[in-house]
Amino acid sequence: MSEEKNVVILLRQPPHGTLYPVEGLRMTVALSGDFEPITVAINDGVYAFLKDVDKTMYSMHIDFIKDIDLDIYVDRKALNERGLTKNDLIDQVEVKEHGEILKMIEDSTVAIPF
Amino acid sequence: MSEEKNVVILLRQPPHGTLYPVEGLRMTVALSGDFEPITVAINDGVYAFLKDVDKTMYSMHIDFIKDIDLDIYVDRKALNERGLTKNDLIDQVEVKEHGEILKMIEDSTVAIPF
Amino acid sequence: MSKKVLYFITSEDITGVELAMEHTEEDDVTILLLQNAVYFANKSNKAVSQALNQNKKVAACEEHIEIRGLSNFISDKIKLVATDDVIDLIFENDSIINM
Amino acid sequence: MSKKVLYFITSEDITGVELAMEHTEEDDVTILLLQNAVYFANKSNKAVSQALNQNKKVAACEEHIEIRGLSNFISDKIKLVATDDVIDLIFENDSIINM
Amino acid sequence: MSRLGILFFSGPYQKQAPETVVRLANAALDKGHEVRVFCYMDAVNALLENQKKIEGIVNIEEGFKEILNKGATVRLCNLCLLVRGTMKYCLKKECGDVKRAGTPDLAKIIEETDRLVVIC
Amino acid sequence: MSRLGILFFSGPYQKQAPETVVRLANAALDKGHEVRVFCYMDAVNALLENQKKIEGIVNIEEGFKEILNKGATVRLCNLCLLVRGTMKYCLKKECGDVKRAGTPDLAKIIEETDRLVVIC
């Protein structure tokens, strides 16, 4: 059954105010043994990937996710709403149009929000 | 010093999704020995006083607050935004215009949000 | 390949409703509101009203509506479901978008 | 009787900023943003921009801005305050509206 | 019979989530389904022993004992317990199939169940 | 020298609040102010013993030990501890002036301090 499951980890909360985003990324890492989870940042979740944000608690998760060739996508709509651009973000994430983000969520069979 | 302090308990969250409103009313009760705290419901806090809401967890607090002649005020603006009217609420609360609610908050020296 | 998708919304975050409304028309989408998300069922909520106008299926956990005293304030078009029915909905749908 | 009032905002609830903006002009009002409320300091936030345009005093906890990497995205008109200054602000004001 | 996975994040007496988890689990078990719960972050504290019963408030410990008794499995994030200092105080195996686990166990739950719901 | 009251509601490792409480208390104490903290709802669990140190994560138990050591008083809502089953596992009086209290003790804190801040 596992090959049929598309797991999406949805990061929607900002880093540092809660431990949710950190735990979400830790979950992506944990699920990567059995699935190919996609990490998708929407709403305030996009703030987790600013260049200047303190990533002490989760940089190792980002590195691990990239080392095993999994993707982290960021919703351009959320960036626009916050006056942010691709250049404000770290290189390890990929900015996608809102429609593409929707498609990823639509195609998931299990979506887990953090 | 205590006679100078106007304490306002601000209920802003809906009942039942969290224990905050219940704990807020319990706090009003607890503070009533030393102060005359005013309880003010704004935003989703107004839902706590619907006639039909299950008040098992906090009806005793409301009764106590009224028994010692303290007031519970509800923001009319918050009611309007939610399509609610005075008639939808229990008799123990008093609906006030938004301006009057603001005045109560302005006049407080300690405002505690729940 | 049309599938049945359940938006399982338990948080006070309207994003789940918005995502459901943007979901492709090809799929059969149901929005299920639980916990404080049932406040979105209030007639005065714009996102849910719009979803109903677009003939999206919107359901709400009856017990969570009732303890909040909301029965009189929600649209007739919202289907109230018992906890039992929630379980059935979960298994009837092919995928679950949790929010 | 004018007094100094501090809106001490530590939650992701814009209500605190809105209440501060509606506060009587007679008092000397400062809006202080901490924790996730510092995201309201983002230039794209309408409520805080409006408060600044009305010449309200808006301060934000510098450390909370910095760990979030927000320094480049906030208005120059927002005063960044160290934790030490937060303590001074608390005692300099006559009353505290927590939100 | 189908298998339901449930993930949640909240401790008891703060948010409604633990109560909802218990209700849904009970309903699923009563319908003959299998139920596997994963407790992440504060949710691990929902399984603490000695939660005092207070009238009018649903006791979360009892709720979990009930679903464990009906055959639900409950897994507690190890690291979440460790940082909170509550490792030693959770319900014991006499109560049913409740034990500490790593985050990869959630992967196992997702793999071995038909649906996963998350209670925020 | 002034007196600062601090009220908060969140347990450790979920929200930033306990960390902010520790920071503000430290800053106030270092400036020579008196600090009194009241822990309500989940916040009582911020004072649990044996919180494991993890690199990169601020240890909340240590933070509270530090401010207690500097003379802060910390009061824990009794009923909140009781329902959560964590009554017996909090920091002991050897750590400083930390003890269980009723909600009326918050009234006392408000009365006896110059300002009360709430960390949500």
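Every chain is named by a letter (A, B, C, D, E and F) in the order it is written, and numbering of its residues begins at 1.
Heads up, the rule we're going with is that a residue touches a chain if its C-beta (ideal position, glycine included) is under 8 Å from a C-beta of that chain, and two chains touch if they have at least 3 such contacts.
A quick note: this is a predicted structure, and the numbers were derived from the prediction, not measured.
Counting steps between touching chains, the shortest path from chain A to chain F takes 1. The greatest centre-to-centre distance from chain E, using averaged C-alpha positions, is reached by D.
Across the assembly, the mean Cα position most removed from that of chain B is the one of A. Chain C and chain D have CA centres that are 36 Å apart. Rounded to whole angstrom units, the spacing between the C-alpha centres of chain B and chain C is 30.
For the pair chain C and chain E, the distance between C-alpha centroids works out to 24 Å.
In chain C, the residues that touch at least two other chains are 11, 13, 35-36, 96, 98-99.
Each of the following residues of chain B touches two or more other chains: 16-19, 110, 112-113.
Annotation for chain E: residues 9, 13-14, 16, 41, 57, 116, 118, 120 touch two or more other chains. Applying the touch definition to all chain combinations yields A-C, A-D, A-E, A-F, B-C, B-D, B-E, B-F, C-E, D-F, E-F.
Every residue of chain F that touches chain D in the complex is listed here, in rising order: 2, 4, 16-17, 20, 23-24, 26-28, 30-31, 33, 114-120. Considering their complex, residues 14-18, 44, 47, 50-54, 81-84, 88 of chain A touch chain D. Looking at the complex, you find that chain A touches chain C at residues 10, 12, 42-43, 102, 105-106, 108-113. Those residues of chain F that touch chain A in the complex are listed here as 13-16, 56-57.
Put simply, chain F touches chain B in their complex at residues 7, 9, 40-41, 102-104, 106-108, 110-112, 116, 118, 120.
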